[in-house]
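Quick notes on the structure that follows.
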């Protein structure tokens, strides 16, 4: 038996996007932008550039830093505009043909598109399109966008694009390039982030502001929920193709997905995380000797907790960053080795101490349980656990890889039962209002919540066309292609 | 400078196809069938099988014997039916996405198809389909077939298929599988071969009968020009979707493309080739000491020539079969090394002798010139050259990779000029009537020729929709994808 | 120009070693042990096991987690004993043949050996051995050990081994296995660490105690400086082949090389690092708003500094852990992008603040300068820098990859000049006595220092036979082998 | 079960060697030379060049045309002298470390060496050398030569070399380069070939003259049995280090190993093969309609047979040259497919005819049996078999990969029994005297045969030190190294 994955007990953002218009190094800058968005997807990446005559595509499995940094790869990505995408594996499978951006050549020219999110009526649209004669090559929802564009009734590209966008449901922050334009769009709820930047006059679109920082670009503003921007040599035009509704940004982006140094919707992610820790210290204090973060995602909240509780912050768990895919389990006698591939407790520091561990979230709970055991084995007198988000109870259908609902610990246990399962002396989650306070609200508006918090509340801000009917796999492509 | 290609001065068949219906080892048998058709295309190959539930695809660059013989590859190709395709590179480029068979999932289910030939109105059809909203992923004419099927007006699959086939122009011997059927079809002229075989009740379709021999299958008959066969669990049904016209099988298949052990249209290829040699000896005798074949393609005609002329047949040129792609040229001083990578003259045998070399055809003439020089360098007293086909003067648009017309030696030189260029003491080609006689006819029927001989006569048996207007590249996909 | 390396401005430990005797999963456990020692060398690794009849070797470039975790690799490493080695590139070059462990078959049987350190008279020994007829296959000092063993005068293996060890100068913590034994040895100064552990009766040797933790083994004790342990089925025998001298453990292991959770020579590395930070806060306080670690190596000292100075500890620099080898530099206009591949300043946190950065050491100073500039660009009002070691002034010849002395910033600048170069408002290093205090001493004993601190003091505890004469490259192998 | 190998029922020459001194393109020319010697070994190849300062080595598995033709590989092989080696797998195993040429750096400088043959006392020498302290890295007999050189008593290189050579037993045609010289040597019996050539003043050594032809070099002469040539900037010096004995060239080189266009010991290989066919037709005529060669190795003898018997020579068996390593056997029902991967009978030609097949030799007989069956299945009225060598009864210990003696069909069956086993209407081998006549002798001199014909006669021209005692594997290295 191989192991190594099960200890990766986190929700996973499925994508990061990047686009640049008007720079001679568009290919190289896109690789750098995607590198800084690597935390949003590590399995594969793709870039399409346009050189004034032709589109150029590169798609590779693995990290940007491994596959996209050869001179030969960057040299292929000619031109002054490019878009890129980095992805975590999706239910669509990890075939090469599912790596974005997707490209199609229409009667009027070529178009490449990539998005972060999930189109919740993609399968219904796909069925309709097939009935009209469309042929699909992938199982990705992104291909649906291309077919809608190809079959749109309008004549002009921008009209066809708006016609297409209004048929989509769900969450999507997308970027695209044609022979003449770059486009960017956020769904009307603005579930996923998308920001606009500027580098010496070149326009940049990126999932997070950290992708602007890496190339020295200036942060201009967030693309607004429901906004479609069309960028060409004349500049940027902003359109509003959707009916206006109240925005619902994903609050879990603050909790875990986004990078701490990013600014999203006017807030610094690190600030929000520290504030959650402070809320948590106030809501659920505990009488301990030291505060230990579960590295690395629990660290900002742990700093906030330690400052709020006036307790020493200590690195009691050391993380090994040199982690490959999977390790071979030697034998049954040492089967609990999994968690130690990434983490080790510092016995000398912990021995005899009462400790509180701070983590960002609990998904299946299996890793938390192992980490707690590891800390106990290192001699802790007491182990308390504080979680910088409310209990994760429901699946996300907006571009996050969530385990089946029944595998979410909080969907089948009370907090007390969870404490027992994880074997901690005490367990507490930040309250939903505490979380909203940390994000700058007075409290959650239960009528029309300010954020999408469906993973905590199961209140979904859109209809779930294909997921309600539970037929989501039935008409996906039956072709099984080799992965090599 | 790398070299190694230029000495490969031959026309190239672009494809071989194979299909099997009703055998538990369909995947493995298809690899064997394609292996025996490897002479029809060496650059890449693909196989799609159907296991009753799903289609499985494998596409690889290189030889069948290198890429398709791993257990893991064959294991993927589950099911009782499969089709395969082996190809030489086409103008469409050698990207992975151009490797056949092509697959699409329609509203009614999946369908995979591959063909040997060339659809001469593919670009026009493509333009029309794009106008209707079709998105193309490849530059292959085969994808056009899938889109025509997807957008066909009829309801039933077989009707849609016939509707599709009648819109195609050019040459095509195609095989396809759906969830219920295998189909095979030859264009109304029957330019390319396609035979039907039987292996313990399983139906087999293959470009040549040698693909039946390798798996121990029985040759049943040729699929007839204009015939569409539909094979399912009930058996085989033969349809005739096309208007009946006189057949025009490609006579160059006898000259060079097909394997000598294949039976095509009732004739044995080796027999025809030997007969050409005998015709040639009668038409253009020469007073020499020995007959030397240019290996390996000139060998059967050389045997026929030697028997006809009552001269000794000798291996005066040794072929090195261990040839890789290209070699590095060491320096200018030894730049004529190219031809020696494949051939070496046997000096001891040749020295002081008058020799006649027999080859199947002359394309650019560059290799012939080098071989003649090599034989002279080895001490031949006289070197004569006899060619087992008429002068190759015109391009083929029916699935053969021909150089640009102006590169064909015979298109710009008389036979005398060619003899000078190649530096032989005498040069002769078999006459067109001699060729037809060797193929069993009394003579060529100049009104309605019995074969397609356009490469010799420039008389094309179909209209050349896309080639007449010279717009054939303009609307092909502009996406340049990496090859790895 | 590619970049990516220059920002890695650290000294590099060259090796980690691991050995296990008496466990059926010796191969798999050695991969895990090496994984936890990955910080000591990331370029390549090797493992040799013995199955009672045969030795089995695996050598691969890259991380353990990438190359050694395939079932097929682990399956090759049969047997109840194994040794492994992970390495950073050395001057000997990165050819496969230089990957340890080294193996030789003597008249009396096979022996595999690997070590951490550097044998400073290896080239002299090599010359002598070649004169006697020895043939070398590598440029590694480890091969010298094998030849000394092969040509030793004594009869019994243990005697030959002791004869060999006493001819070595320099630093070496070595492990070896023969058909009957496992051996471990530390040089008389004990420059590099080596610990003994126990897993259910199996003996383990490892560079650091964290390699025991990962497999759940118990820490037994340090192998002592000058100790040779012979382990076989009867148990462990301790020998003292060397003349007794005062030990000189490498103090830089505490500063940077070792993992914070390791126990070495009775001290916890994290504790020592925090204590250095506290010493530094006392010696060189500064009036700032926040303490920011240069991640990750400066973090423990920064925590100690913040606690000592009673200042808030904040993550002002975010590290991107998804870093590949090198990135293509887009163009001159953004040439300072290098450091941002790994680090980004959190502008929102830093803007307008007075900050002190804490790092472990300064080598060339180029990265420090870039990080300081990045923090200034993020809006810091003042930037101070505190270094948790004395100025690094001299090369290490004991198994550490140090730049040429003239590239060490402290070898050619005063602290004031360094502050100017790095552009900080103030710069301070911990004093040598402060460092010794943090390591538990009252002060440095300048007569016979308790540690090897040659990189700070240029006082080398051994003669440097080959380095004094500056002839170290002259008689190394002239064969340049391809790396693939 | 995979198959594909068993039908390769031939003896295999294990090596070809090439060397060039004094040409700026030495690396590229060596790749070409090895390419023309590819028939002597297809599993791996190596080249070592010397550029005046350093030696450069490239070793790769597979064909020259696949691995050595990249510009990057050739560019590495700098310098005006180089030696190369191509090999078939040996008992030593196919690890990279066994690929020749071998290199060692002695006290006096570097030396690279490669040979064709087998040193029959290598294991004894190895044991002695290990006793003296030598460490072996490979299981190849070539490494023994390097250690003998390293430990030789003489002072001067040429003296050490002669001292070394005289300790070797068996067959060896070797080439070597040092910083100053190229050397070539044939063992006193001259079992394996080695020729001298000239290319514009550069000296060339090669196993066969066809390696001179490919680069346009002039054949100068055979290196004589027992001759050692020393080539340097002053020219060539010929030495005779061995006691003079009568030469015994391997007669099987004429039968099968060498290329038909090579001149060896003054004879043309094609001529000898045709002459064998003519002898065979005279010795064992048969009343048939056509003569069919078993391609390709039986072809020259079949031409000679047909001319001698005045029968038509016809290509009744077509060979598929596109053969990869192994194919997956689909199922038991078609298990005899193996032979058809390479060969197919031409039914149309064979049907109803009486045929004689001509092949060069019978080893295990399994392939002959399958080919005969294939010809019968194609409808032959009678099938006779004529073999262009005497029955192969004994193992070769001089550099040929022979099956275990008991697997040689002729070692356990009479000719009649073999005919039954192979299922032919008649079977005949050329007589040993007929073979000697074809090679230009009046008859075999049974006292002191003119050739080594041990595979037919079991009369070995040397003592077989290591093979007599049957201890040949016992003290080879116990290290099992991964192959990748």
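Order of writing sets the chain letters: A, B, C and D. Residues in each chain are counted from 1.
Definition applied: a residue touches a chain if its C-beta (ideal position, glycine included) is under 8 Å from a C-beta of that chain, and two chains touch if they have at least 3 such contacts.
Just so it is clear, the model here is predicted, and its values are computed rather than measured.
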Touching subunit C and also subunit D, the following chains: none
Relative to subunit A, chain with the most remote C-alpha centre: D
For subunit A paired with subunit C, centre-to-centre distance based on mean C-alpha positions, whole Å: 36
Cα-centroid distance, subunit A relative to subunit B, in whole angstrom: 50
Rounded Å distance, subunit B centre to subunit C centre (Cα mean): 62
In subunit B, residues with contacts to at least two other chains: none
Set of all touching chain pairs, with the criterion as stated earlier: A-B, A-C, B-D, C-D
Subunit D-facing residues of subunit B, complex: 2, 4, 24-25, 28-29, 31-32, 35-36, 38-39, 42, 63-66, 69-71, 74, 200, 210, 213-216, 259-261, 263, 268, 270-271, 296, 299-300, 303, 307, 312-315, 318, 320-331, 333-334, 336-337, 340-341, 344-349
Subunit C partner contacts - residues on subunit D that touch it in the complex: 48, 53-59, 73, 76, 103-107, 109-110, 127, 130-137, 146-147, 150-151, 477-482
